[in-house]
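The same subunit A turns up in both complexes below, where it pairs with subunit B and then with subunit C.
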Partner chain A sequence: MTRRALILGGNRTPFARSNKEYSHASERDLLTAALDGLAARYGLAGERIGEVAGGAVIKHPRDINLTREAVLGSAFAPTTPAYDVGMACATGLEAILGISNKIRLGQLESGIGGGADSTSDAPLVLGDNARTALLDAMRAKTAAQKLKAFARLRPADLAPQGPGAGEQRTGKSMGEHQAMTTLEWGISRQAQDELAALSHQRAGKAWDEGFFADLVTPFLGVSRDTNLRPDSTVEKLGKLSPVFGTKLDGEATMTAGNSTPLTDGASAVLLGSDEWAAEHGLTPLAQIVDAEAAAVDFVSGAEGLLMAPAYAVPRLLARNGLTFADFDVVEIHEAFAATVLCHLAAWESEEYCRERLGLDGPLGSIDRDRLNPLGSSLAAGHPFAATGGRIVAQVAKYLHATGKQRALISICAAGGEGLAAIVEAAK
Partner chain B sequence: MGGQGANERTPARASAGATYARALRGLLPGRGAPSAHVPARTIVADTVLDPLAVSRFDTVVDAPVRDTVSPAYLHTLGFAPSLELMTDPGFGLPVLGMVHVRNAFAQLRPVRVGEEVRAEVSLSPLRAVHNGTEVDILVAGSVDGEPVFTESSTYLARGKTVPGAAAGQPAERMAMPDGLTATALWRLPRGIGPAYARVSGDYNPIHVSVLAAKAFGFRSTIAHGMYTAARAFAAADPRLDAFDWTVQFASPLTLPGTAGYAQFDRDAAGFSTAVFSPSKGKPHVLTRVQKR
Partner chain C sequence: MSDTYLDLVNGPLRGIAKKLGLPAPVPLRRFSADDPQHGYLAEPVLVAGSTPGAEALAGLLVDAGFSVQRAADPGQRYSAIIAAYDGAQTPADLQDATLAVGTALRGLVTCGRVITLSDAPATADEAAVAPVDPALNAARGGVTGILRSAAHEMRSGSTANGILLDGVGPEAPSVAAALWFLLSAKSAYVSGQFLTVDSERGRRIGAADFAATGDSAAAPLAGRVAVVTGAARGIGAAIVEVLRRDGAQVYGVDVPAAGQALADTMNRVRGTAIQADITAPDAADTIAAAVGRPIDILIHNAGITRDKMLANMDAGRWSSVLGVNVLSQLRMDDRLDELGAWGDAPHVVSLASTSGIAGNRGQTNYAASKAGVIGMAAAAADSFARRSGSINAVAPGFIETEMTKKMPVLTRQVARRLSSLAQGGLPRDVAEAIAFLASDAAAGINGRTLRVCGQNMVGA
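After this line comes the complex of A and B, so read on.
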């Protein structure tokens, strides 16, 4: 029998809206907190774990070894190796998949995948003009050369630049990109607000029922995701003004309510082989079965920036001989409500599925009751690299707790990338 | 512990500037002669441990930001009340120029952000020692009546003698092993003085103003002793629920500067740390953490 990569548990910090409670916590602190909570919950303090993979999207240059530094500061043994991973918003899921692949190959018996992001404790850098002028001055051999390099500096060049949510090749923000796709698919404001309200309501219910009690460890006085508004309604969301797509030729429908806010937080997922789980007396919750990455050409405008999962999912389903009907749960990361709705529309469109995805007909519809049953990023918030760990841990627990069988996870990412994975209950 | 006098309450972060102004006036001629008097009162300060204040402090001393609060931060809770006691007209020594020579902190259980800590702060009687006169600042920390820490911070008025001070026993000295190799080098910018002043409330001018530092005989500003001790503690990051943390301040660390750091005498009961001059090998701060 081939080896399985079991999901044994997870832990995260509550997610907090940026520049609030976690303003002075670094990504290292956040990731350490997530790891410490995991060690405490599963009695693993002092334990050497096979390998820890993690990352952050908005990353300080000093944090080349962010995950290893977090491990060193954590309750796990300092002899636990770690490596950093980067795939924008899919970082956390990619980290978990890398560890699960190593477990399935027999390279690892145990591992942790996760990530952290803070847009509060953000790195500020000099703009390219100042940076290149200073570097040229440093390389200059003569005083005249140095002067010449410095002479290029303008006061405005010295203003520090914060991290942008903009795409390098287009200069457009993610929201502006999504607004174009939203318009193209004709996704209505009403549909977006309904999805957003449902996300808050479902997440609020899950919190009230204590579902997250053993998935989240309080941090710095925060014990619940601070973006959560369980009393969200379509009426309340309908009062917000559009923030993206206001200059496009069509109705602007994307608001702060149906887009995810900037948030700070971290997550970690514990993975292991059957033997390791048994040795440590841990109950397998689920297993990672397969995954597929995809990327789209958004630069030329041929496809929407966040539409890559639309391509990853059918390839993943085909390889595993599955259809949407085979999934009890579908977790689609809510970068924006419209992102989810564009995907649903794309998979239902015969034309799109034939012409873009190369299928014989529509991929199919997803039963809304099975879609993001615990709410998703619109409610919880989205500390970029921490989202993968949030979804994997909660969906694994959900399968285990409900006796359901199979879940599909889909995450879109900057750079026109997407990642999808299949998780099944561990029998 | 504690004084017999009337208790009073003060916000833990009373205006340090005003208190230091009073301390400076104490240096002016016309002040009464040194005496063995100490104010016999206990100041009670209640503080809810604010996660943002704690995380700001942790960031400055290079400590992990987490829910448990470091002993170095808890030390700051007694600072403003202690300054108030030592600038009281009833205190027999001028506080400016007194040197923090030792610190003994006992953590009885972990303290977390969000808890309300009561710090009861009082002064010991003055003691005559071979190189001057010492006093202990005594702090008893509790949460809802449950003791969580006790602390004794010893200050020395070097070369000052006061009539009537009882003779003190020489304190046990910590020593640094010969030939200790630095396992880490700390490059400390001048800004670390003001940065620690902001998060601890200790604006002693020798840490923030070069001019003031020179007036007190230093080459430049010096790092707060408790900054150095806090960072030494954080670098080892002991995960103990109850422990004794003993600190001995040996020589000032001039800013900007580079210090060596090493741990030694590690065993099941605890470990020691040294922060020292990497060129001369002379210790700045020695500490011992011992399980309780």
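After this line comes the complex of A and C, so read on.
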């Protein structure tokens, strides 16, 4: 029998809107805080963990070894190895999956997967003009060559460039890409605002009930996700002006309220084998069963940028002989409310499922009561690489606490990528 | 927390302070795991008196390797002077041992110890149930006066405390434990107090094992599972560190908002952080589930103040203070009982306060909760005794914490000098007393309140 990769717990910082409370915290600080909270929650200070995998999407050039540096600054033993992972917004989930696969193979007894992102403490870089001119000047052998290189510099070149959420191959922002898909699927403003309001309300209720007390450790005076608006309603959200798709040929429906804001935060998930969990007196919450990645051709316009999970999920279900009815919980990362709604519509569409997904008929509908029962990124916020850890830890606790059996996780990512995973109760 | 006055009178202003007769606090001798003397001092111990108690204590000390003298020598330096009064029948019996202490007192070293051993006097209620000879009870009561006055006369960081035998002989295991505690640097800020031993229960422990630390199997709390509420900062964090030092595996509880500090504190001791509000109805369930194994030690440390003069007191301030400081403890102890979450011999120690003994302006709510804790410990003692455990309270006086740091400068200076040791205590001083009472060795001490106040003049 193959070994199980158990989810033993998780910890994250509260997520804070960009350029606010965490403005002066680096991604290393954030990830270290997430690791420290995890060590404290499970009494693991000084413990050597098999491996820690993590990453950040908006990453400083100096942070080539971000995760290892965070481990060195944390309460875990300095003999704990670590490596960085990168898959845009799926970074955290991919890190967790990599660790879980190593546990299942017997390469690891314990591991931690997670990630951190800060769009506040962001790297600023010189534009390509300035950068190549300065590099050429550095390589120049003679004074004349140096002068020639410097002469290429224009004052405007010296303005630093911040990180962009733009796609390199299309130049369009993620929101603009989603706006095209939203229009294509005819997703209404009302439907998006309803999903956003529900996300806030559900997350707010879970916070009030203390559900996050053993999932989140406060950081820099922040104890709750600062983006959370538990009193959010469709009426309030309806007053916001559209920010994406305003130049498209159709109604612009995506607002700041039904899109995730830029957020800072970090998360970490503790994984281990049955033996390791027993040795450390830890109660398994759930296990990672399987996962599937997909990617789409958004460059040519053949598919929407964020629609890759639409492909990953049916392949994952088919391999495991499951349908949506077999899942008690479905966690679809809310990059935008419309992303979730486009996926639901796509899986209900016979035409799409036949022509794009190669299925015999529609994949099916998802019971809305089972969808994101604790709210998702629209409420919590979305520090890119930290989202996977947030979802995995909370869904594992949710399965354990409610006695439910199986959960599906789906996360879309830049570059037209997507990642889906199945999590089951540990029993 | 710095005490500038203490630094000055032990430095540049030593001469002036002495001439002016100003308070002369000295830095107290405190326990350190690295101390080659294990928290004891090298000079001989004088054991005055020729009672069975004197024989028993002298025997314990000799066995532990102390140099013991049985007659006062005026030229000798003593690390401790023990006066045994057990068996005294009349106040006339108190004279010899007391004068022997007086003869030796000038030889007491800095941070030395005076310890009395005597029989516990009967209260009026006890005497009504079991009549006691008035002369005998006058002798027993007299020791209280001797000890408390001697404590006021102590200089240079020395303390005076007593051990009371309440229906037990001097061989009771907890008498030895009390002796080690009072002799040790662990009791640095305890003075003018009595430890009452009223049962033969308790693990017999030697002086060296009392000072054992870390992962040593001999350490006083080795292998014990301890839960500390309000563990993130201040006295709570000190309790966590001292319990761990004494061998316990520690689980710290604090409100979710204090989570970052709690994680740091617990990671320092390789302990476990539990983010929970102790006033929540299911707090005990949450804690028991997070610990996941029998709880041997529970320290009710979490507490709040919401000061207001009685004329301005409101329901919010009243109920929140009572809710956190005492009602949560009553509920948690009961619920842990129902859950069967206690270990075989559970020890509970609750934080009281000298305000709960003497009262304090603006603190009717706080004093009610802290006096309540003292009453709770007394009443719950029987039920804990039945399961071989104990429940006690510790009442700190002026302790240097973030809270007292916020006092006005002059008020703080006066508050510090208002004790026989003329200085504030440290959080670890409170923690040492708690760790002692939470040990199996001290199980014969039950239902009591131990003050850690440097013999504060308030509420004496």
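Definition applied: the second predicted complex is superposed on the first by the 427 of 427 C-alpha atoms of A that agree within 3 Å, B and C clash if a C-alpha of one lies under 4 Å from a C-alpha of the other, contacts with A are read in each partner's own complex, and residues count from 1 in each chain.
The criterion applied here is as follows: a contact is a pair of C-beta atoms (placed from the backbone, for glycine too) under 8 Å apart; a residue touches a chain by one contact, two chains touch by 3 or more.
Predicted model, so just to flag it, every value in this text is computed and none were measured.
J.: For the overlay on subunit A, clash or fit between subunit B and subunit C?
T.: Taken together on subunit A, subunit C would clash with subunit B, as the superposition shows.
J.: Report for A:376: first if it touches subunit B alone, second if subunit C alone, otherwise both or neither.
T.: neither
J.: I'd like to know which partner A:120 touches here: subunit B for first, subunit C for second, both or neither.
T.: Neither partner.
J.: Now for A:226: first (subunit B), second (subunit C), both, or neither, which partner does it touch?
T.: A:226 contacts neither subunit B nor subunit C.
J.: With the two complexes superposed on chain A, say which partner A:110 touches: subunit B (first), subunit C (second), both, or neither.
T.: neither
J.: Could you tell me if A:23 is touching subunit B, subunit C, both of them or neither one (first, second, both, neither)?
T.: first
J.: Look at A:283 in the shared chain and tell me whether it touches subunit B only, subunit C only, both, or neither; answer first, second, both or neither.
T.: It touches subunit C, and subunit B stays clear.
J.: Based on the superposed arrangement, let me know which partner A:73 touches: subunit B (first), subunit C (second), both, or neither?
T.: first
J.: In the superposed arrangement, which partner chain does A:36 touch: subunit B (first), subunit C (second), both, or neither?
T.: Once the two structures are laid over each other on A, A:36 reaches both partners.
J.: Counting clashing C-alpha atoms after the superposition, which of 147-155, 165-173, 183-191 or 219-227 on subunit B is the one that bumps into subunit C?
T.: 147-155
J.: After overlaying the two complexes on chain A, where does the subunit B footprint on subunit A coincide with the subunit C footprint?
T.: Overlap of subunit B and subunit C footprints on subunit A: residues 33, 36, 45, 75, 218-220.
J.: Could you list, by residue number, the parts of subunit A that touch subunit C in their complex?
T.: Contacts found on subunit A: 33, 36-37, 39-43, 45-46, 75, 210, 213-214, 216-220, 223, 281, 283.
J.: Using the touch definition up top, name the residues of subunit C that touch subunit A in the complex.
T.: 249, 251, 256-260, 262-264, 266-277, 280, 286, 290, 292-293
J.: Applying the document's contact rule, which stretches of subunit B touch subunit A when the two form their complex?
T.: Subunit B residues touching subunit A: 51-52, 54-56, 58-59, 64-67, 113-114, 237, 239.
J.: Okay, in this complex, where on subunit A does subunit B touch?
T.: Per the stated touch rule, the residues are 21-26, 28-29, 32-33, 36, 45, 73, 75, 218-221.
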